[in-house]
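Letters are used for the chains, namely A, B, C and D, taken in the order the chains are written, and counting of residues starts over at 1 for each.
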């Protein structure tokens, strides 16, 4: 395992300390690193709280700040945080209007946030994101995973919360944005969890994992390495079929790197995705390209499409000032 | 070679097209992809033009926009662009106040920009960046390489140009910022140039290249893999010795990923660098952490320190709106 | 139940989990995210570190404390589930339980786990060990502590051909077939550890 | 010089570079950035593509056109340097040069290269081939076109023990010792290609 770290057990703490030190103008670190909190809270605003396993940086701590999250709870690497973290975060961030939990759909995360919600005495609601079309669902199963589309949900909810919407309106909006959003990913290499010390899975020099999750979970199938165009075709096909949006719909396209894929390749994928979207009659109203929802040092990327309307477009464009996303201020 | 690409020969073109499509609000692509230009020029402002081999994205095209560059000339991967590119860029971006070339100190880049400057009929000046302390210089040699510190020079010059400074003032400022700035890098893996198809160099599972350049050039020495603290200690030691700034000096710390190193590790390095800087009595006035000056898919990072004064701090804080750096607007 | 016996139970469970952490992680790498061993180890190390406090409490409170520690330390899916199991046992058990009390309490705690996980036996999870173990336990008979480990081990093996419909492995659909469920394995290890202490007694 | 002869010269140079592109890149990977073969290949492919236009011009203009094409297509350090060399030859040569004209023109073109590169022979660059080749050429004598390739090849070999003080390899300091300079090798290949055409004539 080759990583820029000290002791394996200290990675999370030191990374959080580095993050808090560099972004001290935006965030503050909670006691025992239980959460990362927005430095300047806005009284009367619903507190948006997210969190999940670490290893997906900048998600979620990098999205704490004006116009996005009020707090993020970092779990151990790829492991849901625990209810005490959400309780502490809610206590620190809730200024009276209640707290909204934004949770990626993994049973671990869902159950831990649910336990926290049950323990809370103040108002709380939950939005669950499940944008990953790689998972074929059935009514009996756990459903889909929440992946890079979570960024879109957090950004739009953040803008709406900043504008003063109340808890139940925000929950409804979160569900709406989630429904408008679909993602799918591909891995060219595995990631290596520091504590495990070796790659989670093994891929041949000519193989890729199509439909991979953001923890290096196996995806739809293992296939031969393909061209960027072919990969984009399969991913966009699955996304657009599932999204079933009308041609002409303005879209947000997010090309998300998994951690070890450089910008040059991400823009090649953006170009491929753009050609496909435009070929099917969609307009790319907004685009975002970068490594935002990562899987440690996995190589690969995901594509996310959100079907926009005037409201969601305006929420996307609203000012945001976090460590990882910033515009309009 | 595992990359998200189509044909090797199309990587650069497709990546630039994807970039221009996603950031069409900020940039426009010149004919034959000779340059990336700021969409809305500011008449009367000195045109800042940079460029260099591709494979370092987001440098330089990602820094084109308000408050930073007016145009960037992308060469082939790791190969200096050619004089016709700079001539075309200058023609497109110069609104009458002349053009300033910002060039990283590699003979290829220096000679190609020099040829362009000789061919130009309008006012032109050149700033050369050479911040890499890994190279031990002598009066006879080519000198040091320009690496991640180039970002700092481009940002500060961009702000100053926006404020209306003239060509000779900007050249002097560029030299000053360059002198205040020192960098050093380490690689954990090689990069793979698409056209070459295999890694540029080979590192054992327990080795790293200390003092690596941004093209996978060998560095000071090949050593056993070390902890983040030990790596930061060696790099900061070399940087601070060379910089010879007075303790108490406010610093800008840039922790730059080389392309395949995730944010979690960069923040561990940021934390290590911070402790060392503070331990030696420096203040970290500003910090920037991310993959900004990359070497394709190389794993590793560089540290850059700029000794600030009031002027340079204000220039750093001034509004910038580019694909890769944005604040204040 | 005296303090020493509670100590030995905690030590046996923690030892089993810590000794098999890599195996659990390897199982979880195949069909999950490769952290089950790390999660469980972190949780039981915390229980071990607090053992003198925990064992000083009466059995129900000791179990609740173990459950709370697991919830706050394990994380992931297994944290809330094992935490719920332990807390459920704490709620259902008297201070000095009979074998019948224990079997009944386990049954009720398993219902809590099902409610927390929205799950049932047959879905390739820890419940596929917990449920048959509870059934055998409730049926009782001679040498129950000697026989249960085999029941648990067989039940864990029986998750291999199952297709997961709960937990992270469910994202794999058909591809989850052919691997043992990590949570089933950790449940089997815990049953074995607990039984060995009773067996020695 | 007739058009056919110019065509054969261009073809010989382009063939040599294209056939050895991987070798040049491998040399550059060891002490540079691994693109010398790719750069030179791109440049000479462009020259080849434009050969009918180029060869239609008188020799000095043909050389200037080759130089301009190399400058605009090669990039890197070798683009301006080989471009300067060819343009320098174009400036210095008459339309139908004697051997003495040619040796003199090469000498003047090499001075242009030195000025462009701020370099001298002895610094582990292409100049360590160009300079001794020009010296041998100027000394003249029997079968000069047959003897020059060996001079060039030996000169390229002689860069192996040198420590680089110009070009990317100079960043390596002592570590540049023990490798042949890629630009020295490409110069040697070009000398060989040109001489082979004169030899056949």
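Criterion: contacts are C-beta pairs under 8 Å (C-beta built on N, C-alpha and C of every residue); 3 or more make two chains touch, one makes a residue touch a chain.
Chain identities (UniProt): A, B = phosphoenolpyruvate--glycerone phosphotransferase; C, D = PTS-dependent dihydroxyacetone kinase, ADP-binding subunit DhaL.
Just so it is clear, the structure is predicted and the values come from calculations on it, not from any experiment.
Peer 1: Please give the intersection of the contact partners of subunit A with those of subunit B.
Peer 2: none
Peer 1: CA centre of subunit B versus CA centre of subunit D: separation in Å?
Peer 2: Centres of subunit B and subunit D (C-alpha means) sit 32 Å apart.
Peer 1: Which whole number of Å gives the spacing of the CA centres of subunit A and subunit D?
Peer 2: That gives a centre separation of 54 Å.
Peer 1: What is the distance in Å between the mean C-alpha positions of subunit C and subunit D?
Peer 2: Centre-to-centre distance between subunit C and subunit D: 75 Å.
Peer 1: Please work out the Cα centroid separation of subunit B and subunit C, and write it as a whole number of Å.
Peer 2: 54
Peer 1: Building nodes from the protein chains and edges from chain pairs that touch, which of line, ring, star, complete or other describes the result?
Peer 2: Contact pattern: an open line, chains touching in sequence.
Peer 1: Any two chains that touch count here, so list every such pair.
Peer 2: So, checking each combination of chains, I get A-B, A-C, B-D as the touching pairs.
Peer 1: Once bound in the complex, which stretches of subunit B touch subunit D?
Peer 2: That would be residues 53, 75-84, 106-108, 111-112, 114-115, 135-136, 138, 140-142, 144-145, 193, 195-196, 200-201, 213, 215-218 of subunit B.
Peer 1: Provide the residue numbers of subunit A that touch subunit B in the complex, in ascending order.
Peer 2: Per the stated touch rule, the residues are 2-7, 11, 14-19, 21-23, 54-55, 57-58, 62, 186, 188-189, 205, 208, 225, 227-229, 231, 253, 255, 259-272, 274, 284, 287-289, 291, 294, 296-297, 299-301, 326-329.
Peer 1: Would you pull the subunit D residues touching subunit B in the complex into a rising list?
Peer 2: That would be residues 25, 29, 31-35, 38-39, 42, 71-81, 83, 116-117, 165-168, 170-173, 175 of subunit D.
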